[in-house]
Amino acid sequence: MDQSVREPPSGVWPAGLTRVPYWVYRDPDVARDEQGRIFEGPSWHYLCLEIDVPEVGDFRTTSMGAMPVVVARAEDGAIVAFENRCAHRGSLICLDDGGKVKDFQCVYHAWRYDLRGNLTSIAFRRGVNGQGGMPDDFRMEAHGPRKLRTTVLCGLVFGTLAADGPDLESTIGPEVLVRLKRVLHKKVEVIGRFTQHMPCNWKLYMENVRDTYHASLLHTFFTTFRITRLSQGGGVMVGENGVAHASTTLAAAKGPDDSYAGMRADNQGFRLRDPSFMEAVSEFNDSINLQILSVFPGFILQQIHNALAVRQIVPRGVDSMDLHWTYLGFADDTPALRAMRLKQGNLAGPAGFVSMEDGAVGGFVQRGIAAADQEASVVEMGGATADSAATRATEASVRGFWKAWRAGMGV
Amino acid sequence: MDQSVREPPSGVWPAGLTRVPYWVYRDPDVARDEQGRIFEGPSWHYLCLEIDVPEVGDFRTTSMGAMPVVVARAEDGAIVAFENRCAHRGSLICLDDGGKVKDFQCVYHAWRYDLRGNLTSIAFRRGVNGQGGMPDDFRMEAHGPRKLRTTVLCGLVFGTLAADGPDLESTIGPEVLVRLKRVLHKKVEVIGRFTQHMPCNWKLYMENVRDTYHASLLHTFFTTFRITRLSQGGGVMVGENGVAHASTTLAAAKGPDDSYAGMRADNQGFRLRDPSFMEAVSEFNDSINLQILSVFPGFILQQIHNALAVRQIVPRGVDSMDLHWTYLGFADDTPALRAMRLKQGNLAGPAGFVSMEDGAVGGFVQRGIAAADQEASVVEMGGATADSAATRATEASVRGFWKAWRAGMGV
Amino acid sequence: MDQSVREPPSGVWPAGLTRVPYWVYRDPDVARDEQGRIFEGPSWHYLCLEIDVPEVGDFRTTSMGAMPVVVARAEDGAIVAFENRCAHRGSLICLDDGGKVKDFQCVYHAWRYDLRGNLTSIAFRRGVNGQGGMPDDFRMEAHGPRKLRTTVLCGLVFGTLAADGPDLESTIGPEVLVRLKRVLHKKVEVIGRFTQHMPCNWKLYMENVRDTYHASLLHTFFTTFRITRLSQGGGVMVGENGVAHASTTLAAAKGPDDSYAGMRADNQGFRLRDPSFMEAVSEFNDSINLQILSVFPGFILQQIHNALAVRQIVPRGVDSMDLHWTYLGFADDTPALRAMRLKQGNLAGPAGFVSMEDGAVGGFVQRGIAAADQEASVVEMGGATADSAATRATEASVRGFWKAWRAGMGV
Amino acid sequence: MLMEIVALSGACSAAIDSGRLEDWPGFFLDRCLYKVTTADNYEKGYEAGLIYADSRAMLEDRIAALREANIYERQRYRHIVGMPSIVGEADGLVAVETSFLVVRTMRDGEMMIFAAGVYLDKVRRDAAGAWRYAERIVVCDSQRFDTLLAIPL
Amino acid sequence: MLMEIVALSGACSAAIDSGRLEDWPGFFLDRCLYKVTTADNYEKGYEAGLIYADSRAMLEDRIAALREANIYERQRYRHIVGMPSIVGEADGLVAVETSFLVVRTMRDGEMMIFAAGVYLDKVRRDAAGAWRYAERIVVCDSQRFDTLLAIPL
Amino acid sequence: MLMEIVALSGACSAAIDSGRLEDWPGFFLDRCLYKVTTADNYEKGYEAGLIYADSRAMLEDRIAALREANIYERQRYRHIVGMPSIVGEADGLVAVETSFLVVRTMRDGEMMIFAAGVYLDKVRRDAAGAWRYAERIVVCDSQRFDTLLAIPL
């Protein structure tokens, strides 16, 4: 449905963090403003992995919301990024996912850019035989794609259009930063890339990621095999500004647990014929089974047993998005550990036993609220605040998402 | 076309009922307002058949415009309906066309509802080990999907969001009500269900249904085999409020009829090699060949010889709709009569000899008016009023549709 | 992306012709206004070829932007055109690409029109047995589809809704008119028709056509085989009003030419194994290899060696368009010349060695500017004016396009 | 035999796709059943079809109606059918199942997946020894049909 | 042999398309490799798959999970597969490549091209002499998957 | 013979779908006709094609141009072809018709039905006895082509 909604976004936001009006997922004007205020705004956006551009001249294309972006390794070894839009008449400068170049040349009229996106030459700038060409006073340095400010953290490349503002680490905050470094503590290696299209507004997926309440209720597999249950130890951390979150689940106690008695999710009748892929290898020197971490608006880091992945959210219109999965291993994985990661790939991803539902549930909401622009969701589990908690039976992190979103949107 | 139209809908409606400005079929804002004022407004909407939910716990999903709806048979045997949207964070509560349940459980966080859509339990409402959970003052009875007011008429289930207002029978009016009861006079049985997608605004299809003028001119088959000709007896009834209509055609006189001389529709050269399926069985103790009945905005009841069906209109965006066909027989059909219904299924439906054109002609109009937002249709056949008439050579019922629509929209 | 853009179109246009704000390619409101001001405005629009309707009763359907149009040969031999929309309730009057008729009959209710689009009869106008029918005072002559003013130039049929205003020849201007007559100097014959869908706003394609700067830089084949290089003779003509343009390239000098040294486009390593199709036959008694001519908003005439074609632009929404190709030969082609045209069909068209990139580059821009509504393209090659030039190293003709567009839009 | 049935199925599709609709009824026996339904209807045992013919004459009538009576915009089908699998055989009547996909192309060039599903066929040799359809139940995977179903599947 | 492999591939697709998912693992050997990946991953040598199973038991577990654990909306697949081509053979193990197309139909009737690509298969006869998959690498042309991949390809 | 022609058609499609474009001209005779047109053009007798080659060298030139000269975004085709039907044969030249469907997958994962139609082929054995195309007229059902036609059909 491409129609805008009944109420104007402004001025109708309920007080507090416990209600989210449904028009926020449906109004094309909201999506348009998000592009300007969030994706081209002060937020930090995940762009790619540092290992995607290992050497000078390596580049990779990505995006910040609707804005196409090029990330490149410059001559001095710095990782730089700029809008993937030619300064001349707007063509994409790079047409592939990545590669290696000496410099960039737009296919349309062959304008050239150095690895930092500086315009360096204009074909026939002086014309031909003294005819045509660019005006003498044309200053190439005054033209070029928009440049990003970039930073690299634990092998992750982030960028923002904001020339200044808080750095990424302080934006994430110390508590979640520790969780990030816990997983990405050494050199990673890509073992797979997939894109998952979801028929929902991007915020519904990010809420789902930060929603520690749903996992064991939606994902029977989690509950049945005690990968994560609300009755297992762990909790959720939410940054002061709501931007970052991390949730953890500790290995389950062996004893009986009737906290899910009578719920669909607790399917004791279900047994595996080949449970080998559930024999997780402890590799982080702690008892954390599962850790999900996110940075507003679109970055997710996943550790489910030995299944590691980063995910990037790219909105595509108001009711549709792409989720870019990068499955990871460590460069020094033993063959046995790598083999285990491959098997545990069955847990997460678009076909994952404990994640496939997340691909669909956003669509269930998008369709459920098709006529509910006047209604609001109820986000009261665990109270009204967005604080860290020692339980996952809370929507604190979801409220944190809205704290960050409203700050970004000025709502 | 996702662009809005030149004129704002308000204030430009021509006087009287004989002109319909074309922007009414093209403007996304009109579609949005229709959802609020008509589909979520005081109109009565066909939801399903009573036999779709025969026993306690049986449910069926349907919709009122864009609003997803659940119809269920409650413990006390009453047929109830509510919005198919979870009170928590908006997921669809039911994910299939129908089924049988003890109660409803949302897949996302396992909130439960009774058969009437009352919220009855919240997973981990009290949290875990005293942590998390819902605030103590959270009142479940204050939350829940929107409830519909429902009524059952001749085995048809209708619903509305309007808590009060005229009942369905008086809305339909006595004259058309008799026509409805004529057909649905005993227990029906579903013999087929199909959905037909049409590339047009929903109003173009409903106008077509109520358009007694077009049938014998568009559908050659009707004319050639004298199923309905304007020169045959019968007429059209239109309720006072324009909401309901019924048109009837009496069996043709045998004699010659040159009223279609020279028209495409009168194809005397066309003969059937196997006319067996045209040997209609008279089952209503009258000489009515054909009766088409509608209730604004989206219900149609069809009797063409022995081919019986109900049709439900579901708009899908401003230039697209789905028509849900339910082919019917009576529970006590003899094998011979049932066999005849199956053969006469060739007459109506998406592949029907006398109806396939109706699937296309709405699109012909939608494309014909692509640049005509400043123009209006001419609806003057049979005068300027929306009164019942003893002829079908009139657009009275189409004007009745617009009377009802404008009342609903406040235009 | 169906969302409207940040800035309202009006009032933000940069001074001069050297900057084009990118929202002009993305805003649905701009597309809507273009339909009214340009496609239904005073511009002349290419409709079809005169040979498409050779005899009385022949018709062909086409469109002016979103408006469906019928072109017909009337009884008096005149070529007439009218909106393909029934005066009754808006159905398309003609449902096929073309054909031959006595008169037109709308399929919906059989209203009839003569070959000029005049409403001539209304089915059951007088009702049946004195009941129904149209009001006595209904005047058929007051109703009918909108008529176009048409003109035929060199076998090309153009039309406009503007009842008066400058004729086509003076709109094109004398200089370009000579170029048009150079190619279409005798009776043509259709040898192929194809439609190419492009994922871009229609203006991006028309800019590309008028962009004499890009050809030898984007299309390696052009450069490598010296079909057109900026260093070859020729130039570009732009009408005073910017409406029409023609660019020409003279046969290349044989000597070395290092003006493309180091550019991707100059691929000296590339040789043809069967160069027979490059052996162009000189048929216009001049040394012009290549001539591209356009008339605002949507007509293009192509001569590349012996590959002749007309192209018609039909916008389909704000970010999509169809390009209708009609490949031409002359009625008196020798078999050898015709055979050469067939082989040279490999040069142009959706699969053309020197044109396939034009099908993609508009999409590269559309995606490149997805977040650039605040930015503008730089159109300064060859200065700031839209004057004819003796070089193609200029964007003069592109600026001319915007001169014409802004006049039409009143921006 | 399999390759003969492949040829029958291919010839039947080719007649439709190339517009030789008049040839299509000829692939059926005089007494036959041709029905177009959907998987949901089939599984629920709903008997009605979008098209329901119990004689070749009814198939000929449908083609005649498409030619002489019904109005629909110019369109083409393209059948892509899988390898038939023979699922049963009894006194000369062979039960065959074949997956199919039909792409519809409209006059303006718009293409869409119009139908996908499985043909549940019963074939036997006619008097002349040629394989013909005694029964063809067209079970479409989707409940939804775009615009109209004019040309048979 | 080719026609036997055609029959194997057809039977495997038919089991999925007709909802007999429990029959599907039976077309594989006890020790086997079933992986769903994409052309880009395959060409880059990325080992991970969306689905990765190295035993028939893992395939049985996936079907059991789809039946008993996972939530997804009712949907159907329709496989249209090309003619297999035999690309190699060594001590009873036959390497086969087969192009495929899968149309997915959702409960509401929406159809889409869900996947297209090529099956890179290794088949051999099992103890009973029936052709079975020792390896099936499903290489999808597209990187993008709509909503979720529940039912195997 | 039929199965040999099936193999030819399959190998030709596989070369394109797997990106081995250089192998594609090898399936044609030195003197040949390869033309891509549409049903409307074919029926009206319009001779021009989107691609028109009357020698294998021209096919080789097209592949070379795609590799060395033309700019187009990374994309893949997937051919799904029906069972060929032999419609004529005269002094070694065999006329064959085969329905086809081509799904195009773009770099970003977008899939679409790019073309559907029928191959009107004439095949004969070359000096080495291998079946080769003397003529392949690609008759697409749709008049409309998305973006561009770079890779041959």
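By written order: A, B, C, D, E and F. Residues from 1 in each chain.
Here is the rule we use: a residue touches a chain if its C-beta (ideal position, glycine included) is under 8 Å from a C-beta of that chain, and two chains touch if they have at least 3 such contacts.
These numbers come from a predicted model, not from an experiment.
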| item | value |
| --- | --- |
| For chain C and chain D, chains touching each | B, F |
| Higher-contact pair (C-beta pairs counted), C-F versus A-F | C-F |
| CA centroid of chain D to CA centroid of chain F, Å | 28 |
| Euclidean distance of C-alpha centroids - chain A vs chain E, Å | 30 |
| Distance from chain C to chain B - Cα centre to Cα centre, in angstrom | 44 |
| Chain A: positions in contact with at least two other chains | 2, 95, 107, 195, 197, 218, 357, 361 |
| Junction residues of chain F, two or more chains touched | 71, 73, 80, 83, 101, 108-109, 113, 143-144 |
| Interchain contacts, given as pairs of chains that touch | A-B, A-C, A-E, A-F, B-C, B-D, B-E, C-D, C-F, D-E, D-F, E-F |
| Contact set on chain B toward chain D in their complex | 190-199, 218, 220-221, 224, 267, 269-270, 272-274, 276-277, 322, 327, 338, 341-343, 345-346, 349-351, 353, 356-357, 359-361, 363 |
| Chain B-facing residues of chain D, complex | 36-38, 40-41, 46-55, 57-58, 60-62, 64-65, 68-73, 143-150 |
| Chain D residues touching chain F - in the complex, by the definition given at the top | 3, 6-7, 10-11, 13-14, 17-18, 76, 78-81, 83, 101, 103, 105, 108-113 |
| Of all residues in chain E, those that touch chain F in their complex | 2, 39, 80, 82-83, 85, 97, 99-101, 113, 116-118, 141-144 |
| Residues on chain B engaged by chain C in the complex (per definition of touch) | 1-6, 22, 207, 213-214, 217-218, 230-231, 259, 263-265, 357, 361, 364-365, 367-372, 375, 377-384, 389-394 |
